[in-house]
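Here it is: the structure, laid out below.
The chains carry the letters A, B and C, assigned in the order they are written, with residues numbered from 1 in each.
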Amino acid sequence: MAKKKFVIGCFDDEAVLFPAVKKVRTAGYKIHDVYTPFAVHGLDHAMGLRETSLHTAGFIYGITGTTTALSCISWIFTKDWPLNIGGKPHFALPAWIPITFELTVLFAAVGMVLTFCYLCQLAPFVKKHHFHARSTDDLFVMVIECTDKTNTDDLQAFLTSGGAVETNVQVAEEGWWLGRYDQNEMPFETKEIVAA
Amino acid sequence: MHLKYESQLREPLVYGDKNYHQVTEDIVRPIEAKPTRLWYIGFYIAVCLLLFGVYAIYRDVTYGIGQWNLNKTVGWGWDITNFVWWVGIGHAGTLISAILLLFRQGWRTGVNRAAEAMTIFAVMCAGQFPIWHMGRVWMAFFVLPYPNSRGPLWVNFNSPLLWDVFAISTYFTVSLLFWYSGLLPDFATVRDRAFTKLRKRLYGVAAFGWTGSTKHWQRHESLSLVLAGLSTPLVLSVHTIVSFDFATSVIPGWHTTIFPPYFVAGAIFSGFAMVQSLMVIIRKVFAMEDYITMGHIEAMNKVIVLTGSIVGVAYLTELFMGWYSQNKYEGYTFWYSRAYLFSPYGWSYWGMMACNVLSPQIFWFRKMRRNIFVTFFMSIIVNIGMWFERFVIIVTSLYRDYLPSSWSVYYSPTIWEIGFYTGTFGLFFTCFFLFAKYFPVIAIAEIKYVLKTTGEGYKGRMDKIEGESLETFVHDHAH
Amino acid sequence: MKEISLAEYKANPTEIREEREAELKPYGGLEKFEGQGTIYPVYDRPGIKWGMSVDLNSCNGCGACVVACNAENNVSVVGKPEVLRGHEMHWLRIDRYYSGDMENPNVVFQPLMCQHCDNAPCENVCPVAATNHSSEGLNQMTYNRCIGTRYCANNCPYKVRRFNWADYTGADSFPDNQEGIVNDVVLNMNDDLTRMVLNPDVTVRSRGVIEKCSFCAQRLQESKLNAKKESRPMVDSDLKVACQQSCPTNAINFGNANDKNSAISKVRVDNPNRQFYVLEQLHVLPNVTYLAKVRNQDEEKKEGAHA
């Protein structure tokens, strides 16, 4: 992991944010990310992010649950330890539907949440750099990654003209580390690397 | 850039002229303030009840289930009644958060967080009963199908009780995941504005390092939608499976095909009643009248009158079938053990009818639906009625079934059965008091999301624009 | 329970059979009831199939079978306070059915024990498969697998399953803690000397498990092994279950119902007109047949006239 230089522009209204995102992208800047206090619909498209395929993963997990349940139960009841329970046949499919359904849902839900946490690097004790404390309150924080050619002053002025209420420049770690939010650790080497 | 436009005829979901920051302030305020004296008193009472429950369970485990008044005929009494009652209550949260999300009911945002919390705590309480009602609870792990050195000896996948094990644990897990994934952004909000070190540290851990990145939000939305899609059949399946405990048996009064839909409707009914009881208190104590509005309360009362009537139809259908089937055992159960007022348990049947079917009908009147006191009173009545329903189903079916030689003596609970029940109230309210103090009781991010379309302030401004353009329109076309 | 007067029986000997036929008609009638009463295929039951028959004509309700069962199977004696709470542990009970004059009623005694149903409703509901069917048609109970949910007892239409509500036998994981909880009578079983009355062939059940009639599984096993030692098939004379052994009127017959030559088969074949099953219409397929009581009412009337 390494530190990078970013220019930050804060907006206080999503209606202002959308044209600004468009302008910044047309101007050729690379938007590192936009941090918002709630899910702003359409922002992912405006930023050119691809659709998430989390739901496909969920479907696969669900199918895995169905298969696991059916194959385990039928193996146990017909091969491993067949018992005469209440005169039912060993392969008593109707009686297995409830458990099969429950395991499908369980696998899909647990699998999806774990995948979500893995993809977004979310876990207890994980710490990340936060560009603005109010990005979880009422500010929409656009973070632009600088190259060695970027003129930060120009960029800040450009953002302000686009409606940003606050701009600044930060050198920050973009990855995650294990840390506490009440302390300021220096997680990795402090050497500044500017992206080419 | 909200393109969504909501009709001016709809009531605002958020009252007052709020901006995003004001929403954060309003909802996080109770977390940052010191607990009130009332909170301490309530918490203390809840913990006392919980401790009494723990002692009651200690007696039951050490000396045997003989501590309870169950007998060879009535093998389940208060224990399973309370189990089904709590599970039923635990249905509203997921219903509100999942089914109403799919139906795009905006009003769910005000109440979903607390309702989901209630669901999780209610399911925790419910889970206590099947565990501690076992004769040998120290062998409870036998219900888990894992490879073992006893044969290997597996579980009975055909048993409705095992279906219950899977249904309740899946429901609890999925509800918890759904609830917690929704809490992550709100914990981050609390973390980022925390001014004490401890709070920053603890909420820092709880928020899992949430940043609010657009990509994360995109995945979060996808996750919520799929979890809602999964939870919808799940929430219907859970009480269906609980009803299978009875419906798949051979006991008259239990062996009924109507049980699954009737149990699900009853579960929603009692769950909404419990949500009402809690919401009426929360909005008052935490001054959240702007977020949990009369509109919310009215909407939930509509659900109550609908589901209450469905349950009423089910009761009548059962009675009809008791006669129409011409099965003498079933007829006896429905027409004597239950519906005959002067039979030993007739009081519980008519208590159920009065609380569940007759009294909620007052919610056909708008004035009643929008009356706080009536709402609160009715929510308590409905939950009493639903407790009676489970008691009626379990005890009146068991105590006189096929062979009169085994008909039971009158079953009434001992102090330890009652203690166990009150203990779960202790558990529920202990958890709920902690939740209300330390968790954002309203989903902050979701309120912000609907604020611009449904907030009173924004709606007002929209109204003005609408009015102006209408005048311009008329003006332009006058000539 | 079925009862018929001698006069009626003479007039129409097949009345009981017709009654059963009429009741089962929608489900295939007597012949096809097993196959047509269910969505599942018929379970094949080769080899030994234990069966019992109780003749209600012979039973005079003396209760010897109950006592014999208690002694043979280490059934707990729980004392009056527990019995009043419906906690008695008898595996075998005698049901009484009254008819006629309230002041001087007629009584029919019906010994009722586990019916060892082929489609046992108790087995289906046990979450841990602690109760299941043996290949010899026994509804068997595995005490050390039982976790005590009591669902099987609830779902038994005959209510013959018994739950150990307290530590009646001193066999519990929590030793000697029942002082003041159960009656002193019960505590006798916690004493080393009195415990010597226990039958060493039968497991003593601990608190929190279900128990019920096992058709004296220990005796069945012994008889099979004795026959095996002598390298011959088992015959009726090898075996007597406790209630059968103690019955002074020989009302109880027991044996291998799949063996055409056994007494139980003969009783069933010879008495098609008196035979019935308790709660037959539930399709639980019990293995205990009862022979209906035929009451000679004319004689009773005559006796009444003399008195």
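Keep this in mind: a residue touches a chain if its C-beta (ideal position, glycine included) is under 8 Å from a C-beta of that chain, and two chains touch if they have at least 3 such contacts.
The model shown is predicted, which means the values in this text are computed figures rather than measured ones.
Specify the chain most distant from chain A by Cα centroid.
C
So which one's got more C-beta contacts, B-C or A-C?
It is B-C, judged by the count of C-beta pairs in contact.
Using CA atom averages as chain centres, what separation in Å is found between chain A and chain B?
Between these chains, centre-to-centre, one finds 30 Å.
How many angstrom lie between the centres of chain B and chain C, each centre taken as the mean Cα position?
Computed value for the inter-centroid distance: 45 Å.
Could you please state the distance in Å, as a whole number, between where the Cα atoms of chain A are centred and where those of chain C are centred?
Comparing mean C-alpha positions, chain C is 64 Å from chain A.
Would you mind listing the residues of chain B that make contact with two or more other chains?
Each of 153-154, 156, 158, 162 in chain B touches at least two other chains.
If I count partner chains per residue in chain A, which residues reach a count of at least 2?
Only 83, 85-86, 88, 92 qualify.
Which parts of chain C, given as residue numbers and ranges, touch two or more other chains?
121, 123-124, 129, 132
Which residues of chain C touch chain A in the complex?
39-41, 43, 117-124, 129, 132-135, 285
Give the list of chain B residues in touch with chain C in this complex.
Residue positions touching the partner: 62-67, 69-76, 130, 133-140, 142-143, 153-156, 158-162, 164-165, 245, 248-251, 398, 401-403, 405-406, 408-409.
Where on chain A does chain C make contact in their complex?
Listed in rising order, the residues of chain A that touch chain C are 83-89, 92, 94.
So in the complex, the part of chain C that touches chain B is made up of which residues?
Interface residues on the chain C side: 82, 84-88, 93, 95-96, 112, 121, 123-129, 132, 145-151, 153-155, 157-159, 161-167, 173-174, 177-178, 181-182, 206-210, 278-279, 282, 284.
Can you tell me which positions in chain A touch chain B when the two form their complex?
Chain A reaches chain B through residues 14-15, 17-18, 33-40, 42-44, 47, 49, 51-52, 54-55, 58, 62, 72-73, 76-77, 80-81, 83, 85-86, 88, 92, 95-96, 98-99, 101-103, 105-106, 108-110, 112-113, 116-117, 119-128, 130, 133-138, 141, 176, 180-182.
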